[in-house]
Structures are given as C-alpha cells and as structure tokens.
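First the structure, in the form of structure tokens, and then the observations on it.
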Amino acid sequence: MPRDLTPSTIENTFVLKALTERIRLDSRSFNQLRDLDISFSSTEYGVVDVKLGRTRVIARISAEITQPYADRPYDGLFIIATEISPMAAPTFEAGRKSEDELVISRIVEKSIRRSGALDTESLCIISGEKCWAVRADVHFLDHDGGLMDAACIAVSAGLLHFRRPDITIEGVGSRREVIVHPITERVPVPLAVLHVPVCVTFSFFDVRRASSAISGRTRNDEAKDVDDDDVEEEDDSSVAVLVDATLQEELLRHGYMSVTANTNREICQIQKGGDMPVDVGVLLSCSEAAIMVAEKVTKLINKRLKEDGARRNVGNLLVEARAENDR
Amino acid sequence: MTVLGPAQRSPATATTAFLYRVDGSASWTVGTAHIIVSVSGPMEVNKRDELPDIATLEIVVRPDVGVASTREQFLQDRIRRVVGPVIALELHPRTLIQIVVQIVQSGDTKTLNTIALSASINATYMALLDAGVPVRSTVSATSIVCYGTSSIQGGLTTGVLIDPTRPELEKIEKDITSVHTIAYELKGGQIERLLLSESVGTFTEDEVFECYDTAAKVCEETNGTMREAVTKSVQQKGGWRD
Amino acid sequence: MASRLEIFSPEGLRIDGRRWNEVRHFRCAINTHPVSSDGSAIIEQGNTKVICNVIGPVEPTLRSRVVPDRVSISVKVVIAPFSTIDRRKRSQNDSRMQEMCSSIQHVFEDAVIAHLFPRSQIDVNLYVVAQDGGVMQACINATTLALIDAGVPMYDYVCACTAGMLDREVLLDLNRIEESDMPFLTMATIGSKRKVALLQLEMKVQFDRLEPMMAASMSGCHHIRDLMDNEVRKHGKSRLERGSL
Amino acid sequence: MPLSLTEESYLNVSLSQRPPCRPDGRNHLQFRPIDAAAGILPTTNGSARIRLDDGGECIVGVKAEVIAVSRGSEVISVEVDCDIVGLPANSPLQNLLCATLETAIKNSLPLRLLRITNKYRYKIFVDGIILDHVSHPLTLFSMTTYLALLDTRLPRLAPDSAGRDNDDKDDIGIPQFSSDWDDADRLCQNWSPPLVQLGIIVGKNVFVDATGEEAEVSDGGLLTVWHDGRVVGLRVVKTRDSSKQVFSVSSISNAVEVLANASRDIEKALKGIITY
C-alpha cells in the first residue's frame, strides 16, 4: 500500500476525460449526493454512525460538569475534537496534524460551534461556578472524500440525539451543590439545538485545463493560451461543479468550496480556497444548491431520530413520564 | 468460598471487511461494548522504526471520548503482549503492520478497564484474519467479574458476570471483589496456552483457577462465534474457491 | 454591542462617517524594505496596518517543500501583541493564524505564473502591526504589492475586500466595531473580471442577503485594484525618473 | 556569511590598531545613519520604529493596562517581550534582550508614575518586533523602546472620579478615564527611560554600533545601562559563537567611559525627535 494516495496518471486522465463528457465514475449526476445512511446506537445516547457512500464517520457526544470560563460565566462549554486516526487512511499519522486535518477541523468548528448550533447559555447550571461541558468526538473510520460533510452531519445528528442526565440544585448561596440523577431514575434532558447546520462541499474542475491535460499539452502552452485569449469571457460551461466528490475526484479537483446551510435558508459559513478562480454566479448557485441538500439531509436525520425514538419507547416509558399525565 | 450464581453471559457479534481504505477491518460487539479495529500492512515503514529481521508492529488505541491517556497506553501494551507472539512477524521483515483500535463504546465504568481490553483483543484478531496477516494460532479473550453482595439476612451471595454490560456493572459496582481479563491461545478449537491473565482485586487461589476454567469454556464459545463470522464473510466476499 | 443607531445612522452615515459603499482611507507604500527583502510593501486600510516582505524565488530550505513543476509559496503571519486594543500575545501555532496562512498561500499559488520557477520557493512574511478589522484583506493586498515589487510574474492583481450586512443595509470595508457586530464576508478577486479567488464567510446570514454582499465586496475589490494599480504605476514612474530601475 | 580566515585576521588587526581604522571609515564613536519615527501606531499608548542602514528594523509598541493591586504592594509591573523574526520563540538572544530591558526599566521607573488610585495601577507592556537584524539587535531594540516610552501617554482620570480620589476612602469602582487624548499626561514628563548600549571590544579599542563582521572578530561585548546621566548597569556579553572570548580588565573602564559618552549623545538625539 503506497503511503500517499495520489492515483496514477492513467486513472487521472480517465476521470478527467469522463468529466469533460459530463460523466462521473459512479454514474451519479453532477449535483447528486452519495447515498447517505445515519444510524444511532441503541444502547447509548449521542452515538451516531454516518455512512456517506464509502466514507464512514462516528460521532460521540458526551457531557460532564465543569467550571465555566472566567470571562463568560453564563455560558457552558462546547468542544469539538476532529482528530483523524490512521484508520481512515494510512497517510494520516497518529501524532502529527496534517494540513487537510486542519482544514476539516476549522470548517467543522465554524459550521457548528461558531454558528451557534448549540445554545451554550442553556448549559449553565450555576453561573460562574458550574456548567455543562458538551464534547463532540468525531472518529473518522473510512476516508473516501467528503470527510468535512460527513463529520458535520454526524455532529449535528449527534447533538439532536444526545440526552444529558437531569440535575437538581440543592441548598442556597455558596453551599449549593448539584445532584445528577442517573438515566434510570429520571428521564434524561435533550440539548437546546437551535438549528441543524449541514456542510456541503463543491468541487470545481476547469474543463479547459482538464482537456489540455489530456491532450498532453503541458502547462506552458496553456499559459500561452491565457495571454492571447484572455479577452474571451469565460462562460459558465468551462467550469464543472461536482457535489460530494469521492476521494479520487477530491485529489483531482482544481478548486473547492465548502458551504454550510440549514433549513431556515441561512448560510452558516462559506470557505472557498484560493486554488481556482470561479465566477460569482457559480458560487451563488452553489450556495442555493447547498440549502436544498441541507433540507434533504435534515429530513433524513429527523426520520432516523423518530425511528430511534420509537425503538426506545418500547412499553411507552416516555408516555408515563410525560408531564401532562395527571399526577 | 465456592463461586455461586449463574454465569449470565451476553452474546457477542462480530463483523469483518466493512472498511475500504485499509487491508483488514473488524468490529466486535459484546453487551454495551463496541470496538472497531483496522489493520494495514505489511506496508512501507519509515526509516526510524525499521527492523532488519521482523515486521514492525504499531498499535494505536483511540478512546471513545476525550484524548488518548494512560488508559489507552495500558490497552496498547496489553494488546501488543497478546497479539505480538501470535503474528508471524518474521515472514515480513522491514515492513510495518499498523493496528488501529477505535473504541466506539467502551462498556467499562470509570474505574474498570477490562471489557474494552477483552473486546479489543478479539476484534484485533478478527481484523488480522481479514487483512490476511499470517498468524500462528487463534486467540480469544474474555472478562470475568466476581462480586459478593451481602444481603440483609447476612448471607453472602457471590456471583460471576462474564463480559457484563455497563448497567449490570454499575448495579454491582460497589460489591465487586475481583476482575479478571483472560486470553487463551487455541489450536483447532482446543485451548493451548494462556496468553494473558490480568487480575485485579482480592481473590483466593481456587477462585482464580475457577475463573480460568470458566474462561476456557467461554473462549471456546467465542472461538466458535469467530469461526462463523469468518466463514460468513469469506462466503460473502467470494473467497478463493468459487 | 454598539447600539444599532450608532453603527448606522438614519442619514446613512457609519460610525466613522463613511457612506455604505465607501472604502476606508487606503494608503500603500512599495519597496519599503529594499535591503532586507526582494519585494516589500506596507498597506494601511483605515487603522489596519500590515507590512509584507517577500523573499524569492529562492532555493527551498526544506527538501519536503520542493515541487517538481512549479514554485511553492510559504506564508508566515506575525500578529504583533500591541496590534489589538487589548494586548494579546498569540502563540505561533494557533489554528486561526495557520488557517489564514494556508488560505493566502493557496490564493497566490494560483495567481503567480507558477511553472516559470520549478523547484523553487517564495517566502512571504506578513507583519500585522495594527488591527482595526479587515486583517485578511490587508494581508492579501499587501502580498500582491510585495510580489509585484519583487518582480514575480502574476496573471493579475489579487485584491481583497470585506462586506457586511446590517439588517438590510450592505456595508463595504468594515472596521473592527462593525466586524464584531454583523455577519460579513471577505472576498478576493483576480483581475477585473467577475472571477472570485477567495471567499470566506464566518457568521450566519440569510441566503437572499448573500448576493448584495457579494456584489458590494466585488465592486470594493475592483475599486481597490484601481487604487493599487495607480500606486504601482506612480511608484514605477518615480523609480524610472530616479533612474534606479 | 562567515568570514574567511584572512578576512578575519585583516579585520582584527585593523580594528585593534591605535588609532583604529574601521572598514567603513567611521571613528569608534560614530553611528551609522538611523531612520526613526514615533507615534506611528494608533492602537498603542506609545510606539516607535527605528531602521538601521544595514536593513535592521525594529517596531516597539507600548500598551498600558489597568490592574487592581493590593494596598501597599511595591511591585512595579512592567513586561518586556520581543519577537525576533527568524528565531524560534524564547531563543537565548530574545531572552537576553527582554531580561536586560525589563530589569533596567523596573529599576528606574518610579512607582508613582504608574499609580492611578490606591487600589488601581497601570501595568506597562512593551512589545517589540525585530523584523530583520544583521548586527546585534540589543542597541536597536533599546533605542526603539526608549523612543516608544518617550512617546507613551497615559489617559487622565475622568474629572468626577479624579476629584474623589484625593480623600483616602478610595471606594470608587473601576476608575473612569477622560477620553481627551491630547491632554493625556506623558509617562516621561519628568522621567527619562533607561538606554542600553552594546559596545564591542577589540584589543584595547571599543566600538559603538558594530556591524556584523566587526562583532565576528571582537574579543567580547560590553553592555552598559544608562539612566539619568550615569551608567547604572554593566554586563559582559558574548558577541561571537566561539567560546574563547577574553579581553583585559583595563579596557573595561575605558569602554564604560566611551559608552557613556555615546549614550549621552544618543539620548539627546532621540529626545529631539519627540516634539512636546
């Protein structure tokens, strides 16, 4: 197994040739997502297994009681850990943080933590003294492209599925202490999730550069082209935009843009790297497409949540515990 | 003090060959523990850790929550002690065999560390088979928890839990007297040698021997489960025959 | 948080007296460190001051950085502890700074005609000495000027500008107070066409507000491109007269 | 660029002659042209930038923070930190620079200048960036710090809380400051900051503002801390990587006297830049 994953040049030219004829290797259309499957653990809250095609990610949400930061006494803590182990692909080393690991953690951080998906004020127990620290650990099991998207979907679904133990505060003034009721005694409490961010990655292919790569013209002749015809207005057809690229497409793409959107038509973050200039119109239509994908994914998450809720509610334990029952 | 009480035992399930980017993968689920192990290799090794006559064995253990700490170091060392002698490292000199153990649900309580260890050993062995790494014999491990609850009438009822789930553990956590993690080497379904015996707590000599016998029976059962899982996955994967 | 009224008065004046589509005072000096670097520039956009030194193309220091068919660009950003209102000493590898370095690196690896310098390296050192919003855009503009001063051939100017949205009002080129109070995006364009090299949005915003923000920041980029172009030509003319070209 | 053996011996001989002759024709007290500017950064209480002829450049920003202090504590809170581009964080050179200046300022700064009320005091942060240095950056950094401290202004208390400050009850909360920056009072109203000068010793001669090559052939370096018209600190500094740097004791007294004159001239020059 070679240490790095770059495919051979024959594979590259084959994929690029297919793209110039608007064909993808796994016969998906350009804006079609791979089949997405979300499953929740039946024995524990907050464990989500997301499969996006061959990419597989497990998110694990956990909570414990700690002290809030001094400068933000009314806010609980929310930490997301996205360390990639060599299990995802042998190119990732256990210790060192590789460059795309950095990009992934920054985008997931912006998509979920900075966009305020989890209301941290609701995590405060006693302001300045005790608060909940919610931690999301993302484990990357299999890397076939789209790690950012899978991680973001996994953490969002995990936050919705997670239940923290119920607590009561006893005593007054400085002698207050917190009693944590185990899940068997009291119905655990869900987290205050304000919106469901879904990250979508668009990969750009410059069809002109792709065709020149195939016809064996090196980049120098391509640079000559640029000088004499830079007047020619680039129409949209020369840029191929792929949604949810596989690892091979990811390694070959000339540029990418990651957009996080949610179902109330809000864009949480956009990160378009500098690797390939793209027309403004294309970027806008990509953001719109991201909202459609977000709606589709959120619908699937809610469907799976309902199924999981039903499975757990065998012998309608929840019905008995509901507040409306006459006491 | 004889060991009383039924030895309840939760069934274990194993699946293999579900990860595409690595050579071999396996998942082991017993009670509330769920471990996924991937094996890559024999592949290139970087200069620093190359060994002239045998393959370098690298084991990485990732916890389910939080960052790797001493608990993971402990698991790493024990897995290396059990799996190391079983793999025929000398057949692939100057190469690297990389084992990554990802604990999805550890099944242990805060203080214990045994369920994750026994499940990891079983999962690692299955992943090695799936990766086609040459091994000398089969390995299987189990966790045995002995507890003694003194009921109000003063009688001391002791019991044994084999690969218990976390709720069961939490129920008897206060009364646990000793915890044993035992791994056997089997050849042709028969127990050959004792590979690992990790015992924590207070126990008498015959209690330990009692645990060894129970563990032997359990390991033979686990071996059966492994055999079924491997035959199923080989049939699915097409195997070399058809 | 500054009250709404103060940020944008009904008469359409912003906190520093600008209209919605006015860029902050843009001053730049080229070839400011002739001795210690091949190309250098200082950019002042409002109160944000960035110094950029470019050394290159040179032999790559690390073997790992050698790319057989094109130049590799390494960017280092030093943010002075006194650059912000409350003094803050940043550690060298905090993730925000590393992300800014890699974004700038990617922008210029595509803007420079890279295949003319195979197996060589260009070092870009950026020093942020005063921060009043728009640090990323000031770094990108400073790097463009420094690369031009270093004589590195580029397809076109890379200019960056920010734009924000306050309720329904689009504001161009935000300062620190505006940046902390509303969602904004940073856009970098290459040349005068509608080509976007870099786009970064960090806070939640309604989708239908995205288009006006993008349009505003694009016009800002083109405006800054003209400002920088005049400055470069003026600098060139003066060097010609001084005969020191 | 390390010097070859012949260059080294030629330079050593020419520097240790009496009278010495320096490769660029300067006498032992002469400085190379310096371009200095103060008050260049809007976000600081005081700032300065100095650029030497050989490309060496340093920017220093001074910021003041209000900290609560226990009654009667005599601690003067000053923190000096600098970032030398090209060297890793807290390298030995950086520690030398910061430690020398921090102790120099702490020993010379009177406590009353930092006092706001009995419970609140200023903490002064001096941060420097040395963008490039060919010769030893100590003199450059200390001159820039001197100029930045000259330029530093601390805002006055707002009129109402200032009035109540005199009676000793001191129960006012966090002090409020007047936002009129022009009449903020200068830190160096009647205090002049310390100035650190590094001279190199070759044979019997002492040289100020040594270039990189001159330091390479020197027998050692002498550092003097100059404050209020007299030398208050002295220290031997290694100016070369090789360990065998040794020079005669007699040359120290002569060196101190030379460096004192140099410091006096520099102080006059730097004070000329700030127009009160």
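Order as written gives the chain letters A, B, C and D; numbering starts at 1 within each chain.
Everything that follows uses one rule, which is that contacts are C-beta pairs under 8 Å (C-beta built on N, C-alpha and C of every residue); 3 or more make two chains touch, one makes a residue touch a chain.
Note that this is a predicted model, so its numbers are computed, not measured.
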Innermost chain by mean C-alpha position: A
Pair of chains with maximal C-beta contact number: A-C
Euclidean distance of C-alpha centroids - subunit A vs subunit B, Å: 32
Whole-Å gap separating subunit A and subunit C, where each centre is the average of the chain's CA atoms: 29
Cα-centroid distance, subunit A relative to subunit D, in whole angstrom: 51
Averaged-CA centre spacing for the pair subunit D and subunit B, given as whole angstrom: 65
Topology of the chain contact graph, where touching chains are joined (line, ring, star, complete, other): line
Pairwise chain contacts, counting only pairs that touch as defined: A-B, A-C, C-D
Residues of subunit A touching subunit C in the complex: 99, 102-103, 105-106, 109-110, 114-116, 219-220, 223, 226, 233-234, 257, 261, 265-281, 283-284, 287-288, 291
Of subunit C, residues touching subunit D in the complex: 33, 35-37, 47, 49, 51, 53, 78, 80-87, 89, 92, 125, 127, 129-132
Residues of subunit A defined as touching subunit B within the complex: 1-3, 41, 43-44, 47, 54, 56, 58, 60, 62, 81, 83, 85-90, 94, 135, 137, 139, 141-144, 182, 184
For the subunit D and subunit C complex, residues of the former touching the latter: 41-44, 47, 54-57, 59, 61-63, 65, 81, 83, 85, 89, 125, 127, 129, 131-132
Subunit A contact footprint on subunit B (complex, rising order): 18-23, 32, 34, 36, 38, 40-41, 43-44, 60, 62, 64-67, 98, 100, 102, 104-105, 165, 167, 170
